[in-house]
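Below are two complexes that have subunit A in common, paired first with subunit B and then with subunit C.
And now, the complex of A and B:
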């Protein structure tokens, strides 16, 4: 079995199993814990439901914090949107998803895919530069840097494979798929789980404050 | 200098602050020493966190991505710029315990992380007490919406079990636990203050009536130092001709169970108040201007308040509702004024509009601070921090943010509605030779009452 066959076969499939099982284990394990009760009378009888809007309102920081957060927020948006477009938009990725699920859709033109990949990598670099230059603000841990590297690797290897830079194409492609497998397998055990937690975390804070009549 | 503090009956608030600062200094010598072994203290702390962690806390602990945005919202971090005080770090130790003991991945975390030690809890004291007033401002910016203040509060409970409560809070917790008083504010002290107010100010306080529509709480600050607070409360209650009382078996707003993190003392302190309010068949329980008393009672999660026969409200809410109903007849107030929302009644309590209604009833020229209501900067003295000697630099430096905010409004005076905020403002005013007046909402209201026919030495110059 060649490296590429290993990457395309057992490696990526095992990583996807770890991804799905790990996400379920972590989500269910946390959400099934006991629920704390707040017995105090809410400010408004049905006001608590207004708390759910925090799930949406927190997609952009309020104007009070614009100056301090604009760089981080803008770069994070560029990264998330560009990375999403690359993951589900370029033709080889769509072919892989089709092989697993049967679903398919039209892909982005190559130039746009490369542009998005470059943008995602660029914003990721912009974020790490800020993290490194403001140590007091970020209190970074080893986990933060490992996560950054594991997220950056598929972008770097993917762009290199497309541009035919580095080792021969088959090896580069295998390395790209292996780096994606690493990302999938790592995701449930890392802070990348925020892709799910943000909904629950925002909602429960929104509800707790709405209980007191406060909009956060 | 506070305009309302010039009344002739009691000392000015500037003097009150100075006397109070002396008393606080003595607390450190009265602090208890640990009684349990180090192993028991550590186990107690860990067990407390396990006991208090529900899905809500777990989700918050899981959600932090170390994005650093909370640092822009925290007055202590902004004041000192020290990585140590970043809000996200305040939950680090809690998260370590959570990961090893509760998390669905605990088998993995036990393999790759070190066990928590008592020294870790000792190191966390400055983060859990000195540098977090549980004001909740970091929640306003956190993209995950993590409520760090709640997590810090659970850590305070763990600190009680670890016998690591800072000496000032520990001394007051012990006093309230064993003597039932705070700074000696016993039922006798209440009776003495009521008698003094009757004799020297000619204002009647109906103490221990059998039944009353409104039951009013007092606070240690009013009883042992600032008689003007209780005097002002009495003048307002008499002005609106409400059927009211103060109960000597349930009058203390301050709750050092809540401030230290001792949940059983919290309950022990709030239960007699609820019992007294039921006994006198009160329809309304008014909590004195003592910020943390609002969450201690009104938002007490252990108290099914919807089933109680009375409503609980903060002094500023009560005054606001009276003003909105047109029952407060107030002289106009001159000069520009701004209002400081105490964290516990504002962002973490929701009483925003009522205090502003009172100021409106005085025709006050209210100018809001750039960050107000939900976004208000904490003054730096909340959650007991005003009392902590170790937090002096954090408190003093962070107060400069407040000075800047107030100065930007161009107001002559800043109105607060919380004894802790007021003491902290007074401290900051004196230390910085700040030219603003610091007013308490209840005393300002009393000083502006019209047709107050009680023969009292008036709060002279209050309307100037």
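And now, the complex of A and C:
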């Protein structure tokens, strides 16, 4: 079995099983731990609505924080949007998703895919530079750096495979798939679960504050 | 042709001009990435070369490799070079049969000990009864023929990497030549079939320079197998623009767009098809509208479906993912219930204390 066969077969298959099982384990495990009812009288009659509104209102920091947060907010947006376009827009990725789900859609031209991949990687580097230069703000752990590397690897290997840089294409493609497999398997058990948690944590914060009558 | 005749004599007798011969030598030398001055040296050496003894062994194969070489196109210098070698044994092409044929092979081995070339097409079954010639198993014949050979040239993917006979479930337990012969120089010229020019190129280099060409990590001549077909494909601009044929009869297919989505294996295949082409440079599979099947790569028959693109994952069915989702949800629910019970128990203890 060649490295590419291993990557396309058992490795990515196992990682997807871990991803699906892990995400459900964590989602159900946490969400089933319901909080006890808050018996105090809510100070805001529209508490629930305002709580759910927070999910959307926190898509951009409040204006008071603009100066302090504009850099990482903008970079994070660039990263997330570019990475999303890369994941769902590049033709080989669509082929992969189609083979798994049966759904397909038109792909981006390669030049745009490469531009998005480069933007995603560039913004990711911009973010780690800020993290490294402001240790007191981020109070980073080793896990944060490992997570950054695991997110950066598929971008680096994907761009290298496309540009035919480094080892031969099939080896680079195998390394790219393996790096994606690592990301899939790591995702549910790391901070990358924020892809799901952000909705619940924002809603929970919004609910709690609204219940107390705090305007957010 | 007399045994001692040179290649030059053969060309002269066939009316091949000096100009055509030099053109062939220049092309071959440049294809094999040999230094510029080599073409003339190659012409001189080839003209003076004596017929090398060649034993061609055909094992588990379809004769496609021989067909590709002998019926490639109108008589060319490549086919003349093939005619020039002293083909002392070839199941398909030899006139002799039975004991006489086997005797010719043994005689050639004895008379040219240490100098003859063994060309093999077809894989070798380890279940030896699956393929025999004159009552001799393929494996025994290969070992005996290679014992005093100068080098072994594997013609086609079956001999080089096992090819189609090795494909799952490999009922004959087939292996490649290199899995059995370990002590001789082996050159793989894979393909299903291989390009005739790659075969003659290797032989021409051996005849003229007395050495074998530079090989890649899979034992293939770098000159012919060093480049990715996808990189050399004339449809590559369509890939870069994201213009793909979705079916074999849609607008994209008619316009000659990239066949990546239709399972073309060119991105993971290394061969000279895209630039040398077949039938005297007329065309190659992708040009005729079908994706590359990656036939020069090891295990190409098990690389995924012929019409599945290289980016396709191999998942079997989705049952395992469904089971994983259920198991994950059940584990999560279980963990949450346990945690709540523990919390309730702690609260119970607290209230009892108060």
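To be clear about the criterion, the second predicted complex is superposed on the first by the 210 of 216 C-alpha atoms of A that agree within 3 Å, B and C clash if a C-alpha of one lies under 4 Å from a C-alpha of the other, contacts with A are read in each partner's own complex, and residues count from 1 in each chain.
Note that in this section contacts are C-beta pairs under 8 Å (C-beta built on N, C-alpha and C of every residue); 3 or more make two chains touch, one makes a residue touch a chain.
As the structure is a prediction and not an experimental result, all values here were calculated from the model.
Colleague: Do subunit B and subunit C fit side by side on subunit A in the superposed arrangement, or is it a clash?
Modeller: The answer is fit.
Colleague: Which of the two partners, first being subunit B and second being subunit C, lies in contact with A:208: first, second, both, or neither?
Modeller: The answer is first: A:208 touches subunit B but not subunit C.
Colleague: Could you say whether A:72 touches subunit B, subunit C, both of them, or neither, answering first, second, both or neither?
Modeller: The answer is first: A:72 touches subunit B but not subunit C.
Colleague: Taking the superposition as given, does A:29 touch the first partner, subunit B, the second, subunit C, both, or neither?
Modeller: Both: A:29 reaches subunit B and subunit C.
Colleague: Please work out whether A:110 is in contact with subunit B alone, subunit C alone, both, or neither, and reply first, second, both or neither.
Modeller: After superposing on A, A:110 lies in contact with subunit C but is clear of subunit B.
Colleague: When both complexes are superposed, which of subunit B and subunit C contacts more residues belonging to subunit A?
Modeller: Comparing touch counts on subunit A for subunit B and subunit C gives B.
Colleague: Let me test your reading of the model: by the given contact rule, A:4 touches which partner, first (subunit B), second (subunit C), both or neither?
Modeller: In the superposition, A:4 contacts subunit C only.
Colleague: Considering the aligned complexes, could you tell me the closest Cα pair distance between subunit B and subunit C in angstrom?
Modeller: Minimum over all C-alpha pairs of subunit B and subunit C: 5 Å.
Colleague: Residue by residue on subunit A, keep only those touching subunit B in one complex and subunit C in the other, then list them.
Modeller: Residues common to the subunit A contacts of subunit C and of subunit B are 25-26, 28-33, listed in rising order.
Colleague: Considering only the defined contacts, which subunit A positions touch subunit C in the complex?
Modeller: Subunit A residues touching subunit C: 2, 4-5, 8-9, 12-13, 16-18, 20-33, 91-93, 95-96, 98-100, 107-111, 113, 164, 168-170, 173.
Colleague: Contact residues on subunit B for subunit A in the complex?
Modeller: 53-60, 62-69, 71-73, 81-83, 86, 88-89, 102-105, 108, 136, 139-147, 150, 298-306, 347-350, 371, 374-375
Colleague: Give the list of subunit C residues in touch with subunit A in this complex.
Modeller: Residue positions touching the partner: 228, 230-231, 239-242, 244, 260-261, 267-268, 298-299, 302-304, 308-316, 318, 320-321, 324-325, 327-329, 331-333, 335-337, 339-340.
Colleague: Spell out the residues on subunit A that touch subunit B in their complex, using ranges where they run on.
Modeller: Touch list, subunit A to subunit B: 25-26, 28-41, 43, 54, 58, 61-62, 64-65, 68-69, 72-73, 76, 131, 134-141, 144, 189, 191, 193-194, 197-198, 200-206, 208-209, 212-216.
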